[in-house]
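Note that the chains take the letters A, B, C and D in the order they are written out, and that residue 1 is the start of every chain.
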Amino acid sequence: MTATPPPLSHTVRLTVRFKESDLLGIVWHGNYVTYLEDARQALGVQIGLSYEDFMRQRFAAPIVDLRLQYKRPAKYGDKLDVTASLVWQEVPKFVHRYEIRRSSDSELLTTAETTQVLLHPDGSLALNFPPFVEAVRERWRRNEIKVAGKTETSPFG
Amino acid sequence: MTATPPPLSHTVRLTVRFKESDLLGIVWHGNYVTYLEDARQALGVQIGLSYEDFMRQRFAAPIVDLRLQYKRPAKYGDKLDVTASLVWQEVPKFVHRYEIRRSSDSELLTTAETTQVLLHPDGSLALNFPPFVEAVRERWRRNEIKVAGKTETSPFG
Amino acid sequence: MTATPPPLSHTVRLTVRFKESDLLGIVWHGNYVTYLEDARQALGVQIGLSYEDFMRQRFAAPIVDLRLQYKRPAKYGDKLDVTASLVWQEVPKFVHRYEIRRSSDSELLTTAETTQVLLHPDGSLALNFPPFVEAVRERWRRNEIKVAGKTETSPFG
Amino acid sequence: MTATPPPLSHTVRLTVRFKESDLLGIVWHGNYVTYLEDARQALGVQIGLSYEDFMRQRFAAPIVDLRLQYKRPAKYGDKLDVTASLVWQEVPKFVHRYEIRRSSDSELLTTAETTQVLLHPDGSLALNFPPFVEAVRERWRRNEIKVAGKTETSPFG
C-alpha cells in the first residue's frame, strides 16, 4: 500500500497595491484571484506544471471551480504571504489549496481552493493524465520534487 | 406560517471585452468576479441595497464567501446575460446566486454564489439586520418590490 | 481640392464601478484606458473597424502612442460620457481623440489621444491602408458612414 | 549657479502574467500603466515620496498627464525591467520618466512620462512644495539620497 504523496507547496510574498484597495482601504475581493494565480503559477514553474508547460504540450488546464473564504480583510500597504499547495489526485484534475496570510503577524486572512481539469489539444476532456504530467507525478510520488521552501518575492508585478 | 419570499432577480447584458480574453480567446476566470458584481450592484440599486445605500448608512457588507463553477468558457465577443438573485435569509447576511448565460443561445456558462455579512459603522459584526435593510425585507415579504424583469445593458463599462 | 472628411464620433455612457475608485473615492488613472477602449471599440463596430474586423482580415492595429490629460477626477458613482472620434489620416495609421465628460453636468474631465499603426498578417508594418480599410475610407470620404448620434449605454460591462 | 540635481532612478523587474496578454500573446496596452506605477511607487518608498508618505501628510498627488510610447510589444512570459526616474522640477509638480526593457536582451519596449500636481488636504492646488517634500528636495540637492542601484524584483504581485 502506498501513502498519498504530501502536497507540493510554495509561498510568494507580495505587497497590496494602492489601486487594489477600495474606498475603505480594503482590497476588493476579486483581486485575490490574481494573488492565487501568482502563487499557483510560481509553484507550477518550479514543478513543471506552469502555463508554459501546458502550452508547450498543447494541453489546457482551465479552472472549473473556485472557492474563496474571506476571514479578515487585506488592506492597502499590507504585505501578504500567499501559499499554494497542489494536492495529490488520483483522477486527472488539479486541486490547489491556498492560504493568504498577513506577513507582519502571520494572521490568516483568506483560504481558497481551485480545481482544474485537463483538455486535450482538440479541446476534449482528458480522461487520463497526459505523459508530461505523469512524469511530474512519478517524481512527486518518489519524493524527488524539491520546491523552494522559503517565501520569495512574487515574480509578477 | 409564512412562506419564504421568492428571490429577487435581475439580469444585465454585457459584451466580453478584448482585454478580458486570454491567449486562447477565453475569458480569464478572475474576470467573472466583476461580471457578478455588475449584476449584484444593478440589482442592489433597484431594491435599495446598493453600495451607495450601505455607505450612506455607514454599514459595510463585505463578501466573506465566493464560489464559482465554470461549465463552459465565455469567449471574446460573446454577449453574456448575468443574472443575480438575492435569496431570502432569516439571519443577517446576504446570499446571491448567479447564472451567466451566453446571450445568443442561453447556454449556461457559469454559476456562482456570494455571501456577505453586515458590519456596523464601528466594524463589528451586525447580529441583526439594521433598520434600512429591515425596511427592504418588509417590502420584500409583502411582495412590494418590483425589479425590472427584462434584461438590460449593464450600466457599467 | 478635397476637404478633409470630418471625424467619425461616437459616445458611450458608463457608470464608474466601486472597484474602479481608490481610497479617496477617485477613479484610478489607469482605469481610463479601458473607458477609452470601450468607446473606440463601440465606434469601430459601427464603422467596420472593430477588433473583429481586423482579426478577420488577419491585420493588427496595435496602439503605439497613448496620451491622457486628467483635468478633473471622475468619482465613484459618476456616470461618464466617453466620446471617441476617429480623425482622418492620409497615411496608414489610426488616430482617435477622446473626451470624457461627467454625464450630470457635461463637465469635461479627461481628454486623450491614441495612435495605432497597421501590421500585416506577417507582423510587418503596413505602408498603405489595406483594402478593407480603404473601403471604409471611401465611404467616409463620400460621407456615407452614419454613426449613432446619441449616447448609448456601453455594451461592455 | 547651481546645476540641476540628476534624476532619481529605480528599476523593478517583473514577469508578464498570463492574464495580462491578449489573444495574440501581447500585453494589453493598458496594463503598462500598472507597471509604471509599480516602479514609481517602489522609487517613492525609497526616497520618502510614496503613497503612504502623501497620505500621512494628508496631501494628494494626482496624475494629470500620462504619455506612453509603445515601440515593441511585451509578450506573455517576458521579464521586464521597469525604470522610473524622478526628474527635478523647480515648480510644485512631479515628473517621472520611464523606460521598460525586456530583461533578456535589454531591448527598449516602451517609454513613458507621468506628471503629478500636489493638492492640499482641502483639495486646493499647492503653489509651493510642502515642507515634507522640500525636505526630500533638500537632501536630493545635496546628493544625499541613495537609491538602490540594482534591479530588484517588484514587491507588488
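Going forward, a contact is a pair of C-beta atoms (placed from the backbone, for glycine too) under 8 Å apart; a residue touches a chain by one contact, two chains touch by 3 or more.
All values reported here derive from a predicted model rather than from experimental measurement.
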item: Proportion of interface numbers common to subunit A and subunit C (over half same, under half different); value: same
item: Remotest chain, subunit A as reference, centres from CA atoms; value: C
item: Rotation angle superposing subunit A onto its copy subunit B by C-alpha atoms, nearest 5 degrees; value: 180
item: Chain centre separation (subunit B, subunit C; CA means) in Å; value: 30
item: Between subunit D and subunit B, distance of the C-alpha-averaged centres to the nearest whole Å; value: 37
item: Touching two or more other chains - residue numbers and ranges from subunit D; value: 18-19, 23-24, 30, 34, 37, 76
item: In the complex, subunit A residues that touch subunit C; value: 18-19, 21-25, 28, 30, 76
item: Complex interface listing, subunit B residues touching subunit C; value: 12-15, 17-19, 34-35, 37-38, 41, 51-52, 76-77, 79, 82, 153-157
item: Touching residues on subunit A, where the partner in the complex is subunit B; value: 23-24, 26, 29-30, 33-34, 37, 55, 60, 62-71, 73
